[in-house]
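Next come two complexes, and both contain chain A; in the first it sits with chain B, in the second with chain C.
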Partner chain A sequence: MDQIAVTAIGVLFAVSTLALLALGLAIIFGMMGVLNLAQGEFLMLGAYTVLIATARGLPVWIGILLAPFVVGMIGIVLERAIIRFLYGRPLDTMLATWGLSLVLVGVVTVVMGPTTEGVATPLGSVEIGRYGVSVYRLVVIAISVATVLAVYVVLRHTRIGMIARATMQMPRLVAASGIEPQIVYAATFGVGAALAGLAGAVMAPLTGVVPSMGLAFIAKIFITVMVGGPTVLLGTASAAGTLGVVESAVAYASTPIYGQVAMLLVALVLLRLLPNGMSGLWRRGL
Partner chain B sequence: MLTRRQALQQLSLASLGMVLPNIRLDRAWATDEIVVGNLLDSTGPINIYGLPMVDATKFAIEDINASGGVLGKQLRLVQFDTQSNNQLYTQYATQLLLESKVAVLMGGITSASREAVRPVVDKYGALYFYNEQYEGGVCDKNVFCTGVTPAQQIGNLVPWAIQEHGPKFYTIAADYNYGHISADWVKVYLQQSKGELGGQEFIPLDVTDFGSVIQRIQTAQPSVVFSLLVGGNHIAFYRQFAAAGLNKKIPVVSPTFGLGNEQIVLKPEEVEGLTVIYPYFQELDNETNKKWVVAWHQKFGADYPYITDSANTVWNGWHLWAMAANKAGSLEPAKVIAALESGLAFDAPEGKIKLDPQSHHVVHTVHLAKVNDKKGFTIFKSIENIEPTDTKQVCDLIGKPDQHTQYTPKF
Partner chain C sequence: MAARLVRQTELAGWASGALAVAALPQVLSLFQVVQVTVFLIFAMLALSLDFIWGIAGILSFGQAALFGIGGYLYGIVGIDLGSTILGLPAAMLGSAAVAALIGYVAFYGRVGSMYLAVVTLTVTLILYQVMGSTADPKYAIGDARLGGYNGMANVPSLSFAGAGQALGPAEFFYVVGGVLFLALAFCLTLARSSYGRILQGIRENEPRMELLGYDVRWRKLLAFVIAAAVAGLSGALFASWGNFINPEVFSLPQAALVVIWVLVGGRGTLWGPILGTFVVQYLTSLLGTAGASYTTIALGGVLVGVVLLFRRGLAPALSEGIGRLLRLGTAAIAGRK
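What follows is the complex of A and B.
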């Protein structure tokens, strides 16, 4: 019984971290159509924010709160400087963001050093039957769920969200209503970057913080967003749910290697059957 | 339309572009220098081992040059950062041997990287030193492995752990040749010491989420977890293990922990008490080491994180080669190999070591130590002068010299 509970927590953890990690790219790619290969590096910058914050003596939670703002600002600057010249040119965007990711890794390596750093996992453990479970994992699940819900509420029920969605679909009409689309683009990219920063900050106490850590996540994030399709929330959530469950269930039943293999196989099958991603399953929705 | 003039211009610019990087702006090949080659990872997840080794290489070359060099000439180091990428190992090894024409090639960290270099070395008949602990068994006339091997490490860690903690082991190993072969050696020594294997798992080098692994360990209820994890990503296991409260319940022993300064990245509460076994610790109390540590801190700063066993091994490798080349009076690989096989001894930071002629491996004294609360280790037991029997019992490069292979335990 306790084994089922612990396995369930593990599966939930895998799904929610995948959703949180992919959410930023889902917004940038799903709403703006920008293939941002530097998304992993936004994650890394979020993790480094937490590292620097804890090194200065701040509690880790302050670091996690700061990370989205810091990375969001960086995202807005990058959008203004580089990305906005490449709208509608997917190959050029991929090239530019790939170069950007190399630059970011290089800059962080020079400034922070190439060694792996650590942030201690806060909050200790809790007993479930005869198993110990890290309380922080439960907190991560909560943060992911809260973030996805927050993004949904903002996009669906606030004016800002409506403006964002409208700009993505009909920029001229929005401009005619007196709102500058360029500002909306910059802000949306910033939000996508901020979400990646939050995800990286949340993952920092669980994995080592190193300049190349983006690489470990970028493939999973892209696969999730591609399988999810252009529908920002429902698509990403369903993809994260399916792939997360498959990977963790197989990993718990055997070893992490087979978990990764199974996830990739399922992604292949889903993309073959649903070329528009899992968004094709949802008739309408966000 | 491309005119003839344009074509000529572009072709000449292109040829100039191709030639320029290869023009040596430094002085031409000086004949009073010996070029030596080194391949180590300064970036990527393996750099946790590589960075102290790069520093040790610099330090060793300077030391050799300061004492007169080799055959009266100064050494010039050509080094590449292989970026934790095995393809680059093969590529740069070829480049060092053919283009830079190095007198000796040293390097490689993971066993996968060594096996990416060894065929190149064998193909060109060059001399190669692998200065890092590994799973044993390499039996190659051109290769010298100066690191500690299973007979010396695992062979003493397993019986101690059985006596101290209990007979049921759970092995978690990195999923590549070192992890698999070392896990086999754990099985061999468990059998010899009447222990039992409760389970074993292999985890790829890029995995950072150990939730399922930790759960399976809890289900198996072992007396001890035997960790053969490798690389920056695997540090997450110790953190997640401690976060689940298990570091206080199930003891962990490891022949790889600490080699990448994991005890500095992790907090003392997370790993205090973890038991390791190496020939070298910065805390070793012999005269040679005390002076060496002082000199190291003078060169690299008093706040240097920790001098690892790999750094000591790299230092030994370079000095053994320099000794042999001077003894042979020549740089020719065959003559230097003969000198290396003449039974050399060296006063290393780890203590006195001997290079075993038959197996091309080193006789080490090993020490058992626990992680302490000062981001270092406290030594509590020493076992002297252990022969590298894992390789020696199957490999005789004097009696049967023409071998270029690696032996592994068979069941």
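What follows is the complex of A and C.
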């Protein structure tokens, strides 16, 4: 019984963090059609925000709160400086953001050094029967679920969300209504970057912080967003649900590396069967 | 008249290339010969990417991974069977088989071009982690230990006469140069055949080619597999060159490097990326003394800059610019008269 509960928490953790990690890219890709290869580096920047904050004596939670703002600002600057010239050229955008990712890793390595730094995991653990479960992991699950819900509410039920969705469908009509689409693009990219910053910050106490840490996540994130398809929330949630279960199941049975391999194989099969992603099954939705 | 001029220019190009390859080992020091050999090997990898990207319009981020698979297979066959000659076809077939699997899913599932780029990138990233996790001695195929991030050592050098009689640096240089020439000729011939014309048609307008009755699926798959075989062969030569292969070939900077070679050399020319490789690798070797991070920053910057400023690549933009200057110059002289 205890073991089932602990395993269930493990699977839930895998699924919800996968959704949180992928959410930023899903927004940038789903709404703008931009496949941002520097997304892993946005995660890394979020983690470094926490590292620097704790090194200055601030609590971890303040660092986690700061990260989305810091990385969101960086995202907006990069969108204005580089990405905006490449709309409508998806492959060129991929190449440019790839270059960006190399530059970010290089710059952070030069500034902060190539070593892995740790951030102490807060909150300790609780006992479930004979097993100890980290409370922080439970908090991460809660943060992930809350973030996905918040994004849903904003996109679906607020004026800002409506403007964002309208801009992606028909930018000229939005422009004719007196709203500058360029501002919406910059803001959307910034939100995608901010969510990556939050995800990276949340993961920092669990994984350690190193300039190349984006690499560990980027494969999973891309697979999730590809399998999810262009529908931002439904796709990400269903893909994270499927792939997270596959990954954690195989990882329990063997090693985390094989978990990723299994995830990739399942994703290839799913892509062959559902070229439009899992959200293609529903046709409509968010 | 114009066609004859083109033919003559091309013949001159081949002749000067052959002359350069033939003469280099006589002129250069041993270290430089070894250095240029690896440039030639990388150039073949760039050629393979240009064949699918420049001719067929399929952007794959996985050429470096196929290169790495070829290298590992060459090492395994060379160590276990003791025959380096068998290692070359094994590498080509192995890389081609992996590409066939990925290509089947992608092209027969009709996933978009971005999806293919992402799938190939993901395969590369996962191979990096998988090969990196094989440090334990139990991960061995026969006598060939995979070795984790430290890589596979003791890969035998290419030899035609049997073990223990490996080719010298200059001989190996000639073999690599010859193979590169053959690969270039093969790709050029293919690009100019009716099959190549169809590939270019697919690059320009895929729905139109389908409506004209061409089955684009197997044609794209075939192009992908051919390019993979070329990449696998160059990977095998690379493993033979350094007697060594490690998971760095599956790393993101390495995968980006291949794209940069082609972008700098100019897409779709097939010979341009060969020059691009030489230019980029020479400049990187100059930068190398400053530290790996600075090289990464420079490469990333080049990638961003080329995409933003020169859509068709650096070399075409340069030759266009020079052509415009020349025309301006002649016009100015004519005007003064």
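By our rule, the second predicted complex is superposed on the first by the 281 of 286 C-alpha atoms of A that agree within 3 Å, B and C clash if a C-alpha of one lies under 4 Å from a C-alpha of the other, contacts with A are read in each partner's own complex, and residues count from 1 in each chain.
In this text, a residue touches a chain if its C-beta (ideal position, glycine included) is under 8 Å from a C-beta of that chain, and two chains touch if they have at least 3 such contacts.
Everything numeric in this text was worked out from a predicted model, so none of it was measured.
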item: Simultaneous placement of chain C and chain B on chain A, clash or fit; value: clash
item: Touched partner set for A:Thr109, first chain B, second chain C, both or neither; value: both
item: Which superposed partner A:Arg130 touches (first chain B, second chain C, both, neither); value: first
item: Contacts of A:Ile257 with chain B and chain C, given as first, second, both or neither; value: both
item: Touched partner set for A:Arg272, first chain B, second chain C, both or neither; value: second
item: First, second, both or neither for A:Leu86, with chain B first and chain C second; value: second
item: First, second, both or neither for A:Pro59, with chain B first and chain C second; value: neither
item: Contact residues common to both interfaces of chain A (with chain B and with chain C); value: 109, 114, 255, 257, 260
item: Partner chain B, residues of chain A touching it in the complex; value: 3, 6-7, 10, 13-14, 109, 114-118, 120-121, 124-125, 127, 130-134, 136-137, 205-208, 210, 212, 216, 248, 251-252, 255-257, 259-260
item: Touching residues (chain side chain C, partner chain A) in the complex; value: 59, 102, 105-106, 108-111, 113-115, 117-119, 121-123, 125-126, 128-130, 133, 252-253, 256, 259, 263, 293-297, 299-305, 307-308, 311
item: Chain A-touching residues of chain B, taken from the complex the two chains share; value: 42-45, 47-48, 51, 175, 201-204, 206-213, 215-216, 218-219, 232-233, 235-236, 239-240, 242-246, 249, 260-261, 265-267, 269-270
item: Interface residues, chain A side, partner chain C - complex; value: 35, 37, 82, 85-86, 90-92, 94-96, 98-107, 109-110, 114, 215, 218-219, 222-223, 226, 255, 257, 260-261, 264, 267-269, 271-273, 275
